[in-house]
Amino acid sequence: MVQKKRSYTALIGITVLLLFVILLENLGNFIPGLPQVLTPTSPLFTVLKKAAVYSLVAVSMNLLNGFTGLFSLGQAGFMLLGAYTYAILTVPTAQKEQVYYLFEGCAFDFSLVDMFEGIFGNHGAGGAIAMILACLLALILAGCVAGFFAYLIGFPVLRLKSDYLAIATLGFAEILRAIFQWQKLGKVTNGANMIKGFPTFTNFNITDSSGAVILRLSTFVPFLISSLCIVVIVLLINSSYGRAFKSIRDDEVAAEAMGISLFKHKMLSFVISSFFAGVGGALFAMYVANAQAKAFTSVMTYEILLIVVIGGIGSVSGSVLATFLYVACSEWWLRFLDSEQYIGNIKVPLLRNGFRMVVFSVVIMVIVLFFSQGIMGNREISLGALIRKFSPKKERKQ
Amino acid sequence: MEYVISVLLSGISVGGQYALIAIGYTLVYGILRLINFAHGDVFMVAGLMGIYFTATLPVTASVPLVIFLTVVLGFTIERAAYKPLRGAPRMSVMISAIGVSYLLQNTATYVTGGQPMTYPVIPFLSDTVNVAGTQTKWVVIITPFLVLILVFALSLLIGRTKVGMAMRAVSKDFETSRLMGIKINSVISVTFIIGSALAAVGSVLFFTNYPAITPTAGAMPGLKAFVAAVFGGIGSIPGAVIGAFLIGICETIIKGLPSSWDVSVFSDAFTFALLIIILIFKPQGLFGEAATDKV
Amino acid sequence: MKKIIALLMAGAMTVLTACAAAPAGGAAASGSSSDTIRIGVFEPSTGDSASGGKKEILGMQYANSETPTVEVGGKTYNVELVMADNGSSADKAPSAASELVGKDVALVLGSYGSGVSMAGGPKFEEAGLAAIGVTCTNPNVTAGNDYYFRICFLDNFQADVLANFAIDKFSAKKAYCLGENGNEYDQGLCVFFKQVFEAAGGEVITDSFPTNNSDFTSYLNKAKSEGADVIFTPVSIAYAKQIMEQAASLDIGIPFLGSDTLDDNMVLEATQGTNLQLFVSTFYQEGGSEKFDKGIKDYINSNSAAMTANGGNDTIAAVTAMGYDAYYVALEAIKAAGSPDKAAIKAAIPGVKWDGVSGSIAFDEIGDAVRDTAYIKTADTASGTWALEKVQTGSGK
Amino acid sequence: MGNALHLENVTMQFGGVVSVNDLSIDVPEHKIIALIGPNGAGKTTAFNCITGVYQPTNGLIEFMGRPMVRNHPTGKALKTYKGENAGKFANDPVLAPAPDEITGLGIARTFQNIRLWKSMTVFENVLVAKHQRAKQNVFSATFRGNLAEEKRMRDETMDLLVEQGLDAYKDELAVSLPYGLQRRLEIARALATSPKLLLLDEPAAGMNPQETAELADFVRQIREKYDLTVFLIEHHMDLVMNVSDYIYVIDFGSEIARGIPEEVQNNRRVIEAYLGVSD
């Protein structure tokens, strides 16, 4: 009963959040003379988009590292698979020649966008439906490709223990990157060049016939997809399978003795986590408007791992919260540390290029060393609890 | 023929440099069961210190100073970032190591301003020499011998001294050693000191040969050295050295394969593939001991 | 105890942040005053391309110090450069771009490196903000983006120039191309070079090395054993430096051809005192404009930060000259627009013509610069300076 | 009635060390059988062979009359093998099911050093043990297509907790329970897997005489209630003598005696083995 009530509040919370995002994005349409931060071109929205994308990847990593106790560092590799799958499938055929200009076109002379436009037309509502369906299908396929590769790799590497697993998955991601950058596969992967020209978040803005934006949805879309995926992950974690994952994390030997197949469940967790990492990778490609293997380095994996640690290993809401803080700090709030600043006439010492990242890594070390539980430990934010906290009267009644 | 010799020469020298880093990994892993991700970056910092010191000091003074300060750095990292997490799960310590690596790289970017730095010319080591028709630097010739001497000294230290005995004991059984009155913390410190000193020596050799240092210069050699350590059987010093030479040579051979095959880009990927294969088929490495978990 | 220390540290950090944030806020407030025009500088100051990015910024800063105001519609505006570090990486570029958009700049200059330009481009397009690429040479930067322009030549032109040079100067029959795996700049140039060189009847061997590679001796030996007449290495500065050093110790004896990235004093330093032959194609050669040469040298020598950014000496990099020219093109565009409004400026750019220190600049319909000359210079290994080899025009396009 | 469990010439060797040597044991259905021996005699190793944690070097284990585990030394092990009957199973196929498969057949166990899932509540600890036999797949579970099944699992878990007197603690973390209750919870968890054979690894360790006496009754009760066969390792002579139908005694991996409690109690070798330990 309590369970049900909680899921309802959570559902309402997410809906409210999504509506709020739409409202925030479109404030400029209603209120002129808005403060700079709230105008559609503000860094706020870039940060929100990136954080929405990263939070999905962080939660998917947490499913594996935090809930199943598998220390995998292959996240960037699976994101790469997702990003390329999405990109290759959705670049319109008309653009392929230009995008693959070094390789005289792409081996896949096919595009989901074109396919759906063939069915629904490419104007007005039909075009919109075609694009939405194409993107959705491509996102799901991106996840599937990542999941499928995870399944293949899982056979050998999931037998390895903690840090060996970490280094093997890290190595796997590096191998993947080298393969995708290989010029010989240029007809498919565009070699070193980036794939671009596919639908991005901006394509979801609703425009009138003259091209002026009526309703902005470019921040809403990543929020929607990420929250849907995260809800699915949460449902999984709270299901019988999620409990089995946790039992493996807590004690493998006991889990096995209680009839939980280690290999099957580790594989499940690995494949599902990779599926969502793949979807996250596709979203990332939409965010940066290109897909290039160069971006998916082990540094990216470390970044996501640090987000998970900051949020608290074993807490979904912690991961989400930490992602927003992390992205906002590193890409927005702390940027001033990179340029010279003056207090009155005195130059603040130390501030110059690169200082932001130094401060940032010190903060991370402080968190890792002194607040090893992260922001949330393994607890979750519950909306109900928050409401109760802020309405003391109700609490007394209870 | 000349070509084959030149490929082998660079393979051996690369392998030797990996070996010096790999020993640090294998010692630390043997005792703490920790992949010290920051080790490669300590190596990079040693290189940077080399640049900054030789700018003002003669080489004879700056090299010992670099070794000393690298040791201090290694020691400090252990005390500040790993010791507080001694009882914590292995994953936390590893994350801390990744954090330290991140910090060192970012600090290096800040200090150098992101510019690639040039390693100074070390007399003699940087001079060129002709071997069987191939011209190369002295450092290439010297590296393998120096590695062998250092490994020999190290095995004496571990095999014959009290500290060495303590190290062996701790790597066999952490808890029991503690109960037997071995000062765990000082043994671990000694391990880090040895590892860092070797990394410093390695940095002199490596950067004399490849003189451009960027903040990420330590990452790849670090990872490869770790693979070498796993390959040889983690915890085993001769294993790490042999693994390092094998990986170094294989890597240069792959790079040296005919361009028409276009496989030289996979020289790094090969190292990782090798790692995965060895982990699956012989997880204890070439010379490591198999461990069984107690239930 | 530990927690207390941690809290103290965190506290100190907050105070520092607050202190620094206060004037930042102040600056933003003063920036919105009506007599300032802000020009965004979208360049890498960290990451792989930091070295080049900083030199490019240097040119802009010098130009800004030389001409700090612009007169538009009878009113004099101060010009302020607003920096955003794109970190040389495509995943940091969008937020750096929107940082600039958010600071209300009139137009954007940059970046060094095509990948970041392509990643940041959509943000500028979305915001209706024009960007002038300075040395991003990849064809895809401007193609498909109406808001991106550039004042440099393209990779295919550059490769064309170098391939022809190799044939003319060395009668080369076989060329060895070496680039970084996964770097679109390197690989693009190698492919273009191959096309031209093979069309002229030559043979090309292409090879790639993995990222963060430091041992190049195997590659160099391979080039030698396969009998290459020239080695073409369009790689980024750190690798170029590494390659030069190792080639010198191998006594390789094959001439090197490099692209514009190799026109850097770090690379030059590596060749000093060796018997290497290095030829690079570039945008500018010292001596092209005496006034500019003298001015920028004084600027570098009088400013320690500029000196550090330039790599510790006062050799002028071509990208610095390009940054300098880009600034003036921006001013011209603002003047032509007749207002500091970004839409007007965007509309005005295609019509801008400017005789810069690196040559005359005009734009074609895609937004690329109309340029048909490149400078080829060679490293004078005895004195450690660049010497002009020739001014070459492309064969076809 | 037949044998629930049958061990035939089971040998477990680690390198050159023989932990279990040529052990043959019969555990008849519905009986309580004990395996005793001094510390380090190889009792837990024998359990680990039965539950699939270790693959025995040689020997056959049958469960409910069907071969479950079978192995014979090969390769390097053949040279170092020190047990007898090396060739006995050489012609039969090797059987090596994973521990969870063995649990699926109907064998559940407890651990000598309690192994509860420490981040989970008492309720969840038991609930997880129901996972294996639930009719669901990952999709139906995630998207809540298994509500009836989930409810059944929860209800059964609750019944089990009430029965074990643990219902008051159901929402507490398992590790926060007192020691005796943790032992009980481990048994409850094992029962939740619906076993036919229950293996108890030193269930009375750390208990006082009163608790031990209660435990003996408890073991009998659950045998009746769940129609179980019980095979237990014990140190505590009181419990063993009180509860067992038949006893096997091993020392240094080999059997030294077997019989009903009275016989074993008076066996000279058993007394020697135990006295040998105490000095």
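Think of it as A, B, C and D in the order they're written, each chain with its own count starting at 1.
In this text, a contact is a pair of C-beta atoms (placed from the backbone, for glycine too) under 8 Å apart; a residue touches a chain by one contact, two chains touch by 3 or more.
What you see is a predicted model, and the numbers here were worked out from it, not measured in a lab.
**Student:** Please name the chain that ends up farthest from subunit A once chain centres are defined by their CA atoms averaged.
**Tutor:** Comparing chain centres, D lies farthest from subunit A.
**Student:** Which two chains have the greatest number of C-beta pairs in contact?
**Tutor:** Chains joined by the most C-beta contact pairs: A-C.
**Student:** Could you grab the centroid distance between subunit B and subunit D? Build each centroid from C-alpha atoms only and quote it in angstrom.
**Tutor:** 47
**Student:** With chain centres defined as C-alpha means, what is the inter-centre distance between subunit B and subunit C in Å?
**Tutor:** The answer is 35 Å.
**Student:** Measuring centre to centre with CA averages, how many angstrom lie between subunit A and subunit D?
**Tutor:** 45
**Student:** Roughly how far is subunit A from subunit C, centre to centre by C-alpha average, rounded to an integer in Å?
**Tutor:** The computed centroid separation for subunit A versus subunit C comes out at 32 Å.
**Student:** Quick check on subunit B: which residues sit in contact with 2+ other chains?
**Tutor:** 84, 109, 113-114, 262, 265-266, 268-269, 295
**Student:** For subunit A, write out the residues touching at least two other chains, lowest number first.
**Tutor:** Residues 178, 181-183, 253, 352-354, 357, 362, 369.
**Student:** So which bits of subunit C are touching at least two other chains?
**Tutor:** 2, 45-46, 50, 181, 206, 208, 210-211
**Student:** Could you please specify the touching residues of subunit C with respect to subunit B in the complex?
**Tutor:** Interface residues on subunit C, with respect to subunit B: 2, 44-48, 50-51, 54, 176, 181, 205-215, 217-219, 221-222, 224-226, 237-239, 241-242, 245-246, 249-251, 266, 269-270, 308-309, 311.
**Student:** Any idea which subunit A residues touch subunit B in the complex?
**Tutor:** The contact residues of subunit A facing subunit B are 65, 71, 156-157, 159-160, 162-164, 166-168, 170-172, 174-175, 178-179, 181-184, 253, 302, 305-306, 309, 313, 352-355, 357-358, 360-362, 364-365, 368-369, 372.
**Student:** List the residues on subunit B that touch subunit A in their complex, please.
**Tutor:** Residues 33-35, 80-81, 84-85, 88, 90-92, 94-96, 98-103, 106-107, 109-110, 113-114, 223, 226-227, 230, 262, 265-266, 268-269, 271-273, 275-276, 279-280, 283, 293, 295.
**Student:** Which bits of subunit A are touching subunit D when the two form their complex?
**Tutor:** Checking each residue of subunit A against subunit D gives 232, 235-236, 239-241, 243-244, 246-247, 249-251, 253-263, 268, 272, 314, 378.
**Student:** Mind listing the subunit C positions that touch subunit A in their complex?
**Tutor:** Going through subunit C, the ones touching subunit A are 2-3, 5-6, 9-10, 13, 16-17, 19-24, 45-46, 50, 83-85, 89-99, 101-102, 104, 115, 118-119, 121-123, 126-127, 138-140, 143-144, 179-184, 186-188, 191, 206, 208, 210-211, 305.
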